[in-house]
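The same chain A turns up in both complexes below, where it pairs with chain B and then with chain C.
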Partner chain A sequence: MSDTSRDKVTEAGVAVIGGGMVGSALAYGLAKRGANVVLLDEGDIAYRAARGNFGLVWTQSKGDGMPAYAAWSLASAAAWPDFAEAMASAAGRSIGYEQRGGLVFCVGDAERDQRAAQLRRLHNQRDDAAPVATMLDRKALHDLMPRTPLGPQVVAASYAPGDGHVNPLYLLRGLHAAIRRHGGRHAPGAAVTQIVPTGGGFTLTRADGAMLRADRIVIAAGVATTRLAAMVDIAAPVRPQRGQIMVTERLAPLLPLPASALRQSAEGSVMIGVSVEEVGLDTGTTVKELARMAARALTVLPVLAEARMTRAWGALRPMTPDGFPAYAQSSTYPGAFVATCHSGVTLAAIHAEALAPAILAGRLPDGFEPFHPRRFDVRTAA
Partner chain B sequence: MSAERIATDVPARADIVVIGGGPAGLAAATEAARRGAAVVLLDEQPALGGQVYRAVEANRARGKTLDADYAEGGRLVDAFRASGALAIHEASVWLVEPDGTVGFSRAGAATLMKAERVIVATGAVERAMPIPGWTLPGVMTVGAAQILLKTAGLVPQGRVWIAGSGPLLRLYAVQALAAGGQLAGIIDTTPPGNRRAALRHMGGAMGALGELRKGLAWTQAIRQAGVPWITGAHDLRAEADDDGALGTISFTADGARRSEPADTLLLHNGVVPNVQITRALDIEHDWNQTQRAFRPRCDAWGSTSVPAVMIAGDGAGIVGAAASAIAGRLAALESLRALGRLDQAARDDAAAPLRRALARALAIRPFLDALFAPSPEYLVPAGETIVCRCEEVTASALRQAVSLGCLGPNQLKSFTRCGMGPCQGRICGLTVAEVIASARGASVADVGYYRLRFPIKPLTLGELAAVHAPADPTAPR
Partner chain C sequence: MFARPHSDTPHLTITVDGQPVGAREGDSVAAALLAAGVVAMRSTPVSQSKRGPYCMMGVCFDCLMIIDGVPSRQACMVSVRDGMRIERQRGPRPLEVDTEDSP
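Showing the complex of A and B:
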């Protein structure tokens, strides 16, 4: 295993703290461009949203209230096909990526009206002509998926042709393999406990006592981001928000397009989400939420009643107060960056292809001001 | 046999819910119900007895006792029947929440039941024995064969080989021979050094002469039947015939490679605690290097870090049927104290003779643990041997994932799908931990185990949705 030595200061050009979806995509993008990168990852038991997420590459609900986020998500979706190819090549297998459109089902007229209003709002907030998503009525849905036996209460869906899905676990595996392929180092079991700015660089202390000096650092530590970012004088409020997911046995093709909280993987299993719970650092499952999610899924696809679910899990989304990503470079300690979001899968392509080169160049991309976490600072906002 | 009490109306609440109808569960339920608690025993099987006393009542009615130990099972069941506890059969428990809510399904219908205390008595499962070819049709576990024998009186036909190590292997051989079965041979993979190591514990074992005699009698019965017994065998493989099913087994013994035609191969590699429920509750588990298994952390009563949940029997560490029954009674006494049905002095008075009996029942354990310590060869399979049956993940794929930075089973699971199938890692969990530990040069204790989540049994979405309290099931989150 690389880099598990204790009490030995090693050197890196860029140390990425956090081996999840955000940190791994950035480390890959950096390594690919020749940086001397080390990815500091935690051990087997960690709050890994990257291991528990749903796997949508999704644009159609993103950025209501922050057009920059909507644009960033769209740019990533556009970069995804090439990115997926690189990941499949590194993983040595298909990563289950498909981009054939995505749906948000509406059960009942109220949901339909609400969804249509949200799409209008999203479109109005952006200044380009083409809407990201459109509303499909029941007949249009049938024309799109004639063999999908939707429940009678499904009256409509929103549809975004650019949306898709991926197997997030194979994506993470591909990222880690690609980092190695480009000469980056992946250090598992290397949780970082302390960051000390030293002489234009940073000295990191790991939980196992080992130390590492890096010219630049990227804090992409999910729910641990707040604590670490404070060490480089960035206030980045992130709290854990639990989502539960369950998955069925493999079924014959049933749902050709992924939907919000309901998708069928390339292997045939159906994934069902998703809960939104403020329960702190608890990754457990509850029958209350799972039963509600199952009932909702059966409303959309009644034939799933006979499907056996094989597993359920809980994972923690790293949530900022407004739910949008936070990206920043420390003004006190230049060279220290923070990157956190709960859309690590959707944004993986753009993190690797646009954010990583910006970090390498020493400044965040133009137009990134809205993402700065100073927007949460009560003093300046007041 | 008394008239079977069938649960027609399942109560919504109970003082104590016991999960498992083996010795620990039967004894726990009996003790608690006798002392006035409302007790429901949830059993996955169609009849009481657990694995060890499976179908004991039906076999007794047919005049079959299998052996003297089995008669003890009959006494446990009789006491349970007289206790007033309610048994619900064919109940597949898929949920235990920390507040004592238990979710189970019967015949495709899910129910939630609320208990003040839950006693988990889910016993042991067989340790996997992943040899090349262990997934071929024709290869099964000794435990599965014993189920067929006990429930249907079936013994496999043709050339039947038994391979592995452990008391159950001998017991099954004796039972199969008594039932008219033929055995082509026993391939004993117990490492030759075990016998010497076990002799050091002979002193303690002398306190359990009956148990020792029983083991010797089994060995004798097998030899008298003229069954070839090959000791010190290693590098065991199962190979397919032209039809894709088992055709041949091969192994090395006395320095020579042997190949034998085979129709059935029964594998057994000892038993380990069934930790599905305790793992899913995030109870701490400790590695037992001697038994090479994890066991949930609990005190001498079976209390865990989850106040409403106790553990009794082999699920808390392999102790055998007799000790399990005593542990069940101890857990019941402490549950009653916690419920205010028994004061502490009364609990302790009742427990004192049980603790003495427990010490006697456990006296032979160090001897057995040493004698049947599993062979490292079958703990850490090599090369292309399948580890995860459900997803067909090989040992070499696991080693590759370790080289990609997987330090433990959870990251490895997400990279390889190992343990993601319907069995949810029940079969491969320990093998995976052993393979990672060996590849990393770390201890299994440091590597850890799968993080499990409820539901621990596959259930249909229809069952799950049925327990949703539907104010408005269509309500978005």
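Showing the complex of A and C:
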């Protein structure tokens, strides 16, 4: 059962701060390996990307400029089928996971050429041979989805067979249920306000005054990460970046594969994204962005003009300066870890199956140096 | 099941899935159908279970019907008109594709 803020949690082996997609995946991975875990969760009043994201399990386009991130995303996509099974079992229902490939549509020749160049650049940055995505021309797209009435301006798409999508709300439900199933505690209701390193461990204070002592801590607090990480001497710059999404009524199957900014859920809703806005802690929506997103979706699938839009929302991505994840252990206070990224859904499987055991063993995985947020430190001239 | 509190407005006729149904001017589509004993107005997109009006004031979206050819209209928010064509909406609605798709 969930603890409430009234239950004074006093001791834990590992305290995970942040009940969103990253913190929950880590808490699950730790709990299933026998750790004494508590997930400290501000609750649904938090700026929670996990309740507002698009739900892609996505590898194409990831890691342009950081090959380690591309490899990490691919490893997670490969771990997703088993992970999804565990999540569906814990959630007690389908989580809407499908991995049958994903598309990035190109409208016009310029977009096609740009996309092809980006794929080549991504491929050239990686040592392994197999390309993550290939370009499909209009004819190949038609062969792939003969019943999908694409707009005439769609000239091509990039296609990654390993990409997929999931219902992120059911995924989060599955994670929280799986944590409890493995003996972990989910403690929503109050943010962590203070972290004090004490005698080889950490003393945490929550907004309701409750205190907790933990041997180890993981800060996975999304847009609140920077402030908390500073308390264990880690500089982890994370800013909120807004994305808006709109969703249609449930429709008969129309788009069999998920695409960047356009996917049809297992229940039939068509989700339309996506915006990139620097507006601080504001989860609102704007007609300007929604109109632009709708126009783009209508270019790709003109038949959507008949569909009714039922909802729109904004959510905040926790964004580092270069957009790549940040993982670190404090060198001043060993045992304090930071984990933050804006790809919490894609990386959920690998967070649970590779990052959590590394945290349990007390050191980040080999090859993780590129992810350290010290890459953002201002370099002094030699 | 439902009784009208008054019955002094003119009679008119609508059709539900092609069958004529009596109504009164001023009725909403949902009210007219309930008065005629029609309770299930659609089936859901995912499980195909039956749904009828719940709120009767435009907020629950459970009374969606195809009205004069326009799908997903709220039957509780549309006033009847003589000769109005009402159809039950069954499952997820397909979008009309009016051209042959081609590569």
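Keep this in mind: the second predicted complex is superposed on the first by the 371 of 382 C-alpha atoms of A that agree within 3 Å, B and C clash if a C-alpha of one lies under 4 Å from a C-alpha of the other, contacts with A are read in each partner's own complex, and residues count from 1 in each chain.
The definition used in the following text is that contacts are C-beta pairs under 8 Å (C-beta built on N, C-alpha and C of every residue); 3 or more make two chains touch, one makes a residue touch a chain.
Keep in mind it's a predicted model, so treat the numbers as computed, not measured.
Student: Using the superposition on chain A, tell me whether chain B and chain C clash or fit.
Tutor: clash
Student: Counting only touches as set out at the top, which of chain B and chain C does A:Ala252 meet: first, second, both, neither?
Tutor: Once the two structures are laid over each other on A, A:Ala252 reaches chain C alone.
Student: In the superposed arrangement, does A:Ala210 touch chain B (first), chain C (second), both or neither?
Tutor: Neither partner.
Student: State whether A:Val274 touches chain B only (first), chain C only (second), both chains, or neither.
Tutor: In the superposed model, A:Val274 contacts chain B only, not chain C.
Student: According to the stated criteria, A:Arg138 is in contact with first (chain B), second (chain C), both, or neither; which is it?
Tutor: It touches chain C, and chain B stays clear.
Student: Per the contact definition in the header, classify A:Arg308: touching chain B only (first), chain C only (second), both, or neither.
Tutor: So A:Arg308 meets both chain B and chain C here.
Student: Just checking: does A:Pro146 make contact with chain B only, chain C only, both, or neither of them? Give me first, second, both or neither.
Tutor: It touches chain C, and chain B stays clear.
Student: Which partner, once the models are overlaid, touches more of chain A's residues, chain C or chain B?
Tutor: Touching more of chain A: B.
Student: Where on chain A do chain B and chain C both make contact?
Tutor: 249, 304, 306-308
Student: Which part of chain C faces chain A closely enough to touch in the complex?
Tutor: Spelled out, the residues of chain C in touch with chain A are 45-46, 72, 91-97, 99, 101-103.
Student: What residues on chain A touch chain C, complex-wise?
Tutor: Counting only chain A, the residues touching chain C are 138-139, 141-143, 146-150, 249-254, 267-268, 303-304, 306-308.
Student: Contact residues on chain B for chain A in the complex?
Tutor: Interface residues on the chain B side: 95, 97, 101, 103, 112, 282, 403-412, 414-415, 417, 420-422, 424, 440, 447-448, 451, 453-455, 458-462, 464-470, 473-474, 476-477.
Student: Chain B touches which residues of chain A in the complex?
Tutor: 1-2, 41, 43-45, 51, 107-108, 111, 153, 169, 172-173, 176-177, 180, 186-189, 248-249, 272, 274-276, 283-288, 290-292, 294-299, 304-314
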